[in-house]
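Once you scroll down, you'll see the structures, which are given as structure tokens.
What follows is a pair of complexes built around chain A, which joins chain B in one and chain C in the other.
Entry: the complex of A and B
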């Protein structure tokens, strides 16, 4: 009993001393809790649908950040992984009757394979060459799908897939919990040793090579990890919408994910997730003026970039938190001395 | 049949060549990956439609007005949206994507999504064997060569052309030699967007105009630039005809070729890149550190 009390108190102390001291961490906590209790407060199925789709795209955006943000391998064809995940899950579900919990992970594994197929030739390319070449892959796949309508449904896509779950609330919890878990996993990956190597590859690949690290392997790992997460989001999308169509492979899909990531702040994982949860409901809200919707969306993105070229969320974070000049630990902006080393905050 | 393939590939190839040269100019000098490049081409096409049908301009002055308007638009947009964030490469990237979407939506609101056409400058066609060659096609093809020749003269013989080439090669050294880098970049933007406008003006009688017409040329243009080697105008020139020819061949000879035309051209690009990572005529620069 006393052991339990000890652990509870320790947990409470960690929460008080590590989480409550920084507004950004409080916001993340509120975000998690709010997402988990959302269906208990609002029963509106339309709002729930928006949150579900935003969660699916949040996984997708974060997976782009994992590859392109961290390792700097700018991928303009990220829709490939999403589409392969969606089509993989759809074909498995339709042809073999596999339930969603089997077809989504297997679809994601096919997306990993796609990641390797794209990654191996692209290892020789750098920078803009890589970005423009990767753009080609989803287009090639989309036209192959169009030419084989008997297996893939052609232009109409494959419809009538199995539902994730019977009720909207169950759907909601499956998707949201998956999103929270996967995003946390991605964030932990970027925080690990591997994440540091990814950072280093972006900053200076030659130096990493010189340090005796096999950068080729790490770049392939980044491609497959990113393909896996994007594939899962594609599979979730296919089973939630109950259709996998060629629209999942469109160029606009690849561009959309770039917009989310840069808007939210690259190389953060939380930035793209936050950006999706801001931009996706915004786009739905703009449905009130259907003709002007996309135009206003584009203008909002342009204007925000003009003032915050490093992304919206890092800008906000730097406003409410400052870094201690001595020990480099983050503090609330209004503190006059550092919370750890008590140095004067300027 | 063979003649049809030839004509189509020459027309497509010359469109891609014009677009790709503008794109690599802006990339080489200002380091901007301008996704909105073909959106300006679409705006030019709409401009011609608007001035000929709504304002009643004659075709030649409509084209000139469109080119001037598009270059002006590119300049204004560059000053307002792109120049303040030029230091942030990623921000510029999505800035141009957002710009392309904004232009597309503006055209969609102004002109709706209907397919529109513009009359040819010269009507009629010549019969060669079984194939018809429209005079407009010959005119288009000829003017592409004139424009490309002028472009080459400009880059090789004028002072500004020299500055542009120097800045593309080494930005910092060019700056040290007293070339105002930001001014050169601005001129490159104006010329490049102007070229997109010229492309739109020359091609427009041969295509249908719609707000999404920039999507396919964008992809082909990027493939051309990569295949030919970035920053190599000669490379872009050859690559655009290779890809244009491949596209035409697929469309005419393969069943369901209209779906596959992009895929085949892009596969060629990927295969070439596997053998030559810097493209056909590209120079493998030392890694910038």
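Entry: the complex of A and C
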């Protein structure tokens, strides 16, 4: 009993001293709590649908950030992983009757395979060349899908997939909890030793090689991990929409993910997630002006990027928090001295 | 500050009045969602057709629902389905849960309609598809009737039958060429835009041509947005093809027809050219689109029955163009849904399904009768053939679209000839006649 009390006390102290001291962390906590209690407050199925889809795309966006943001392997064909995950789950579900809890992770593993297939030939490429090469892969796969309509459904895709769950609320919790877990995992990966190597590869690959690190292996890991998470989001999408079609491989899908990441702030994981939760509902809100919807959306994105080139969320974060010039620990903006080293904040 | 507070109160009161007033008004209306790609011609067709129908129904006092006249209220929903399938499903969910519509009409892209269909079925709302042609939409009804029985195809007839009709057009023109130009074996160039939907059609055409004694001269797949097709046309000319079977849904249909006319390629164009279905085709091709043949649903001057001309003319008068096939939301509302509601005396979807799936009714493009499959299961798919729906073969002649098929068409050797009122003779382009008469 005392042990439990000790751990609870420790948890409370961490929460008090590590979370409550920074506005960004409080916002993340509120975001988590709000998502988890949302269906208890609002039973609106339409709003739940928007949150579900936003959660699916949040995983997708974060997975792009993991590969392209952190490792610097600019991927303009990220829809490939999403599409492979969706089709993989759909084929397994339709052909073998496998339930979603089996077909989604297995579909994601097929996406990992796709990540390796794409990653290996792309290892020799960098920058623009890599970006343009990756752009071609989803287009190639879409063509392949058309050549085997008996297995893939051709133009109309594979429909009638098993539902994730029978009720909208259950669907909501499955997707939202999966998103929260996977995004946390991705964030932890980027915060680990592997994440530091990813960063280093992006900044100076030659220097990393010189340090004796196998960059080829790490780049392949990045492709595979990114493929896995994007594959999970593709599988969730297919089972939620109950269809996996060629639209999952469209170029617009690949570019959408780039827009989310750049808008939210690259190399953060939480930036793209926040961006999806802002932009996806925003696009729905703009339905009120159907003729102007796309234009208004584009204008909003453009204005944000023009004035906040580092992304919206890092900009907001930098406004409310400052970094200690001595120990580099973040502090709330109004503090005059650092909360850790007590250095004067400029 | 007081001023701001006052404005806020007024705005709030207005919002409350709108919500209360809106819902009170909504009680006496039948809410019908019209979903489609509203920024594109297909969605505009959905909306225009439905607008015409709602005006006509409301002018007569509305629909009689169990002794109470209820007016029709249309709710427009932009599915944006060409660009974003997810968007389309959100639009459908919005119609179901926020707008609380009683019925939905529309949809175009098969992949999006399949996903939208699931949402409508979940809410047990009747959804009349007016755009997507894939048979799967109706196969689902037969295979899982209890779930999908609320879906009906409004237009067009399914894609297998569309292909069949297109092949009939090919044979029709081929027979004319054979008899008038004395060409024993025709060579056909297949020109299909580089798009996924065209792939199975190309394969089917390749297989079909030898069956009717025609030879495949070659297959050309230009980009859907190509602007210069000189190379393809020269290659077609070199191949010796007398016919060009077109499969175009995009803008490529205009430069292809224009350059074909400019170069006087000695081959006739038959098939599907969506651009040639539009009224502005002749101007767009700078007058070179003459003699192009395409499948279409409506053509001014051609009448399937007594309902065709009034609909086409009132549509042209109101919107300044010939109705596209997606404007058959008009027929689905006026001749399908409204009479069914009056007959059933209720808006209850289950009771309406029973009424809608039996019998047949006349529409401006023929007669609608819902099919059953080989096992006798309800498909809610449209019956094709003489006496039902056939569509038209339309050729541009002297700058105007003219209906040329069916012209003394017999579906089987035993069946009666079919020729609709206003059908004219097919004309072979003079440069084609000249080219083959010399030989």
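As a working rule, the second predicted complex is superposed on the first by the 346 of 346 C-alpha atoms of A that agree within 3 Å, B and C clash if a C-alpha of one lies under 4 Å from a C-alpha of the other, contacts with A are read in each partner's own complex, and residues count from 1 in each chain.
One rule holds in what follows: a residue touches a chain if its C-beta (ideal position, glycine included) is under 8 Å from a C-beta of that chain, and two chains touch if they have at least 3 such contacts.
Note that the coordinates shown come from a computational prediction; the quantities given were computed from them, not determined experimentally.
Once chain A is used to superpose the two complexes, chain B occupies space that clashes with chain C.
When the two complexes are overlaid on their common chain A, residue A:287 makes contact with chain C while staying clear of chain B. Legend: residue contacts after superposition of the two complexes on their common chain; A:146 is shown touching both chain B and chain C. Once the two complexes are laid over each other on the shared chain, residue contacts for A:241 go to chain C alone; chain B is not touched.
Contacts of A:279 after superposition on the shared chain: neither chain B nor chain C is touched.
In the superposed model, A:46 lies in contact with chain C only, and not with chain B.
In the superposition on chain A, A:200 makes contact with neither chain B nor chain C. Legend: residue contacts after superposition of the two complexes on their common chain; A:128 is shown touching chain B, with no touch to chain C. With both structures placed on the common chain, the touch criterion links A:309 to chain B but leaves chain C unconnected. Between chain B and chain C, B contacts the larger number of chain A residues. Applying the stated touch rule to the two superposed structures, the overlap between the chain B and chain C interfaces on chain A comprises residues 146-147, 291.
Those residues of chain A that touch chain C in the complex are listed here as 44-46, 49-50, 53, 142, 146-147, 149, 154-157, 159-160, 241-243, 245-247, 252, 283-284, 287, 290-291, 293.
Chain contact summary for the complex, chain B toward chain A: residues 27, 33, 35, 81, 84-85, 87-88, 90-91, 93-95, 97-99, 101-102, 104-106, 108-109, 215, 218-219, 222-223, 225-226, 230, 256, 259-263, 266-267, 269-270, 273-274, 277-279, 287, 289.
On the side of chain C, the complex with chain A involves touching residues 38-39, 76, 78, 83-87, 89-91, 93-94, 97-98, 110-112, 114-115, 118, 134, 136, 140, 196-197, 199-200.
The residues of chain A lying in touch with chain B in their complex are 121, 124-126, 128-129, 131-133, 135-136, 139-140, 143-144, 146-147, 204-206, 251, 255, 258-259, 262-263, 266, 291-292, 294-295, 297-299, 301-302, 305-306, 309-310.
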